[in-house]
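After this come two complexes, each holding chain A, first together with chain B and then together with chain C.
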Partner chain A sequence: MAQTRRFELAMSPHVGSDQTTRKIMYDVVIALLPALAAATWFFGPRALLIVFISAAAAVLSEYLCLKFMKRPVSFALDGSAIVTGMLLAYNLPPGVPFWLPVIGTAFAIVVGKQAFGGLGHNIVNPALLGRAFLMASFPILMTAGWTAPEAWRSSTDDLWKTNGIALEELNSIPDADAISGATPLNILKQSFDLDSSAENAIREGDTAEAESLEGKAACIRSALSDDSTYMNLLIGRRGGCLGETSVILLLVGGIYLFLRGVLELRLPISYLGTVAVFAWVFGGSGWFNGDPIFHVLAGGVVLGGIFMVSDMVTTPVTPRGRIIFGIGAGLITMVIRRWGGYPEGCSYSILLMNLVTPLIDKYTLPKEFGEVKENG
Partner chain B sequence: MSLIKDLTKGIYRENPVFKLVLGMCPFLAVTTSVENALGMGAAATFVLICSNFLVSLFRNIIPSKVRIPCYIVIIATFVTLVDMVMNAYLPDLHKSLGIFIPLIVVNCIILGRAEGYANRHPVLNSIADAVGMGIGFTLAMVILASFRELLGNGTWLNINVLGTAYQNQPLLIAILAPGAFILLCFILGFFNILEKRKGGRQ
Partner chain C sequence: MTKARTFRGGTHPPGNKNLSSGQSIKRLPAPAIVRVPLCQHLGAPSKPSVSKGDKVIRGQEIGTQNGFISLPTHSPVNGTVKSIENFPMPHRRTGPAVFIETESEDGGQVFEKWDDYRKHSPAEIIERIKMAGVCGMGGASFPTYVKLSPPPDKNIDTLIINGVECEPYLTADHRLMLENPDDIILGMEILAYTLGVEKCLIGIEINKPDAIKIMEEKGCSVLPLKVSYPQGAEKQLIDAATGREVPVGGLPLDVGVVVQNVGTAAAVAKAIRDGEPSLRRIVTVTGRGVESPANYDVCVGTLFSNLIEESGGYAEDVKRLISGGPMMGISLYTDGVPVTKGTSGVLALTGAEVRDVTEGPCISCGKCMDACPLKLAPSMIATAAENEKWDLAREYGALNCMACGTCSYVCPAGRYLVHYIKRAQEAIRANRGKEA
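== the complex of A and B ==
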């Protein structure tokens, strides 16, 4: 349809801008680099290699697709494929085999992007679609490839045993061996499991058992809310996906994007704000005693909030629509974290909201200047 | 001559799945293995031939106002037959096809052929049409099931093709529901390209 209508100029005034797709995309690549440095520091050169392979595979798939569809192959280097490849790699556990990102990005580019008509026509974020595809295809690899931070260059004795959680507190829990998990969110999930076992114990009348289970859950939660845990989450010394760990360096990238005029703050702020409020209200054992700081720092919401919720193609264009999108994605993320089967719901929440983006856009369209209410 | 044409048109030119896009429900649901696809194809083909035969035979007797209920009764009769015979002699296949055997009653290929072809063509042509459509449907299901079983399980008709190393980490999504939709899109796209090439030559 786009081809049949000729390009028409709207009535003046026109806004001039030297922003181009290529410039924006390479700005995003630059903004992603600090987090890549953190990934390399904590997970070793292997992480760097995975990101590189993923980006290269993305560009290659894009090139082959464009060649096959007889379109200008120079599009392959406009940077969008590199961004997709890097973001997909950032969403993988650091221990995955090297062929996994290749399959993931090939699917992301071929099915997620080019099959829908290329950049600007894709319905959902291709990188997240690639991740969802890998999750469905290789569930074991995608949930077992966690490596402990700094494990690659320190001796095995004084490893960060798991995940950036304050270990002394976890170790003070009676039979702490039962509590293990590669990522902070996995451990949080276990505290919820303990809560529900405690409820079962109460129903069966075993109050002593219930008290000990509740005590364990409270211990875990206090360890998660410890200052040293916050510090580790902030700098990225924790188990998790490749590029999601270092919150502070992701923020550096976000600030760079904001200063370059690429990042629109409504989306990330409404998203992260919703996550924080929801975590405070529902995130604890009762009401209004959750830990918003932990929920914002843990998992991939900062990576998602800065680089994926604010994707220009798949999110609403209207200001009100963007706020609705951020709130919706935040709600779905937290519902999955709190009650869902997965420890983290960031990627699925964004994919789901991507699907309703056209609807949001339709209902938040601003009134045209001079428009009169129908039958008014 | 027209008999042969009726027979062959269902295989490619008017393939019920790839060209008419009918019968999607069993097509997407039971193609997790080639064995299931063959079983489903055989069952549907049998029902299709019998129902086309009877509908064509009675086409001048059935009042047009109540023709759809009549077709349904005819189709349901044969589906019940297939259901019982398969349950008696092929219990494993019956188990893995499950609800999709009784659902052949509402398969739109069968009703479509009864309504669109058999009720205005002679008996022999209707049977030829049913055989062709049945083969086309079975072929389409075997094609999709081959991709799904190979990618998702590393086997073809339960024969290990891609080796145990692949079977440890197969492309699991291929035998899940999303894989069926994605692969169907690729196959339909492939046929559209073929059609376009053919159109371009003329």
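== the complex of A and C ==
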């Protein structure tokens, strides 16, 4: 007969997959670790410390926000704040002072994430917003702190001091090693500057000067498309932001995420594909003679493509929307790289596309099963 | 064997079918009192046609059909009507049930036996299937005769018998295919004859190779299907079998297909060959919350508590009791509810088996969209529903959701997506009622 036993009541389904938001976030943390190893190898222990400070500051900011808003503080350790902190640090030059990531992550978490309602509700990628904030507030620190790879080993300076090198040192025609010193995209930008100086010289009638400038620019570009440059970019022996240097180790993280079912391939592939095609068509001095390999390997597009273009919260959910997002971000990145004021456009392109994500979702809803199509 | 087919989307919950798939069907005698629900099918409950103190015989009609989408109800035993009262039900809160004190369980043949169904017209057969109270035994319990009466402008060319049983844990259809393939095949032939179709398939997931083998040996045209939830949903089964998409808001009839569950086919065979109405069904009692999982052949009106007792009672850590499978089944607060024609399983799950996550915010991972077999936008419907934006929910396809639960299953944030979508459906329908 009917027993007095009490059963829990719940809506179906009564079983569920064992994937959770927390597991996804910690998978991203794990996937970021190989690139952290590269950062430590090339830029020294201070790189490790910057990433740690940034992640810790992110968790602390999240904790204080949650406490202030009387929400469960356990969310602070759900992994998402750590991801934000790590990604922000990965987007900083290795020579920044230690207080800079603290300000950046605090802004990212408080203004970029919690002000919008916390996890899942932020409109733009908080790490990139934090970076944009730092770029606007501390432009010199954010663009001068470049360090030559592995320089820390031979350096006699105090390792814990800000130790950027000035870009002016690289104004001579660089060889592959020197290229690795500044960021490769800075050098590319210089070659385009030389191009426009050459155009000016032609207008002024100084053909000899123009030829010399053009020759210099071409020389720089051929050095950038050199095999040893490619190899350095792949393994990460180059100047650049902390986390963006080693393409191979970033890919290792990406493959891990894909195998864990966390990385949706449409986003990174459409993004990197657009970067490559655009680079080939418009990246050179004429048409169809750009160097797609260099553009994909250099700068932050691999880091951006795997970890920021594919950020779940701020990118579209629809399959078609994801492809549109990737293409849009790729185009903006390349327009900034080729004609914009910055050498790299990865982070701004993603921020701009984040803003139109809800719109993209709205207009790219998949066709329902059985919609329009009739009788097979 | 031809290559296994499937549909796009879906997910792969652990089957857990080996708990009960090796247990042969055990026929249980009727309990001392059967509580026969008058609302075992989809649609209007039948009207009681007996009253307290009446003697009834097995197979006698005790409730008459009450409308087009409705069916008569029959007594599964010989006995005396004790009362007719509202009683807790597995598929709704309460409903009218006829309580009958069991005396014996012999007889049951109330219609003429038709040895050769071909001597009778399709119309006669459909009438018999209706009077025998046969409804879909897969879970939705739609009156079978309605499905067999397509409007004259619909040209039906394919009959699919559904032996997919994609719900985890359940093994009732599997055991039926193994132990009583002849009834299924006869039922299938009768249904094909009634519909006038040549093409007749039986869809089975490839996790039941023994069932596929038996049905093939019996000369059936088997459609092997990949294991994917919800492969057994009508629209997904038709898609896999024929490549035809049932239009939004449409019926299988619109693409020339009728789908019937294996249990329904067996019930049809009984109604025609033996002249016996639909009185019993196969129920899987399983889950780690019950001592010995099993498959039973039971009278409708048997209480769930009887079945649990038969299976050795509950395990210590039982947490949830479910009518049906774990994906679409309804959780119950009591085991004092009767088996209906639509009860495919009684599931007692332990705390370790049920999903235990705190609901978090949507992180827009898009997994629900990839998995939704109807290609809806579950997370977006749910968010609209949470904000009570019913028009938006409708725009995203809320009304077409079949509540299969795939989206909630894959959601890493543990959102109760099905709950929000059902809430939207109710609100949209209620608002529509106001407008009209």
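Assume the second predicted complex is superposed on the first by the 325 of 376 C-alpha atoms of A that agree within 3 Å, B and C clash if a C-alpha of one lies under 4 Å from a C-alpha of the other, contacts with A are read in each partner's own complex, and residues count from 1 in each chain.
By our rule, a contact is a pair of C-beta atoms (placed from the backbone, for glycine too) under 8 Å apart; a residue touches a chain by one contact, two chains touch by 3 or more.
Note that the structure is predicted; figures quoted are calculated from it, not measured.
K.L.:
Please determine whether it is chain B or chain C that touches the greater number of chain A residues.
P.N.:
The larger set of chain A residues in touch belongs to C.
K.L.:
Thinking of the overlay built on chain A, is A:P366 touched by chain B (first), by chain C (second), by both, or by neither?
P.N.:
The answer is second: A:P366 touches chain C but not chain B.
K.L.:
Just to be sure I read the superposition right, which of the two partners does A:S17 touch: chain B = first, chain C = second, or both, or neither?
P.N.:
It touches chain C, and chain B stays clear.
K.L.:
Check whether A:H121 is in contact with chain B, with chain C, with both or with neither, and answer first, second, both or neither.
P.N.:
second
K.L.:
Looking at A:E150 after the superposition, I want to know if it touches chain B, chain C, both of them or none. Which is it: first, second, both, neither?
P.N.:
Neither partner.
K.L.:
Determine, under the contact definition given at the top, whether A:V111 touches first (chain B), second (chain C), both, or neither.
P.N.:
After superposition on chain A, A:V111 lies in contact with chain B alone.
K.L.:
After lining up the shared chain so the two structures overlap, which partner does A:E209 touch, if you call chain B first and chain C second: first, second, both or neither?
P.N.:
neither
K.L.:
Look at A:A136 in the shared chain and tell me whether it touches chain B only, chain C only, both, or neither; answer first, second, both or neither.
P.N.:
In the superposition, A:A136 touches chain B alone.
K.L.:
Pick out the shared contact residues on chain A: the ones touching chain B in one complex and chain C in the other.
P.N.:
none
K.L.:
Which stretch or stretches of chain C touch chain A in the complex?
P.N.:
Listed in rising order, the residues of chain C that touch chain A are 11, 13-14, 168, 235, 239, 242-248, 250, 254-256, 303, 305, 314, 318-322, 326-336, 347, 349, 353-355, 357, 360-367, 369-370, 373-377, 379-380, 396-397, 400, 403, 405, 408-414, 416, 418-419, 422.
K.L.:
For the complex, give me every residue of chain A touching chain C.
P.N.:
Residues 1-3, 5-17, 19-21, 23-24, 78, 117-121, 264, 312-319, 322, 361, 365-371, 373-376.
K.L.:
Which residues of chain B touch chain A in the complex?
P.N.:
169, 171-174, 176, 178, 182, 185
K.L.:
So in the complex, which bits of chain A are touching chain B?
P.N.:
Residues 103, 111, 115, 133, 136-141 of chain A touch chain B in their complex.
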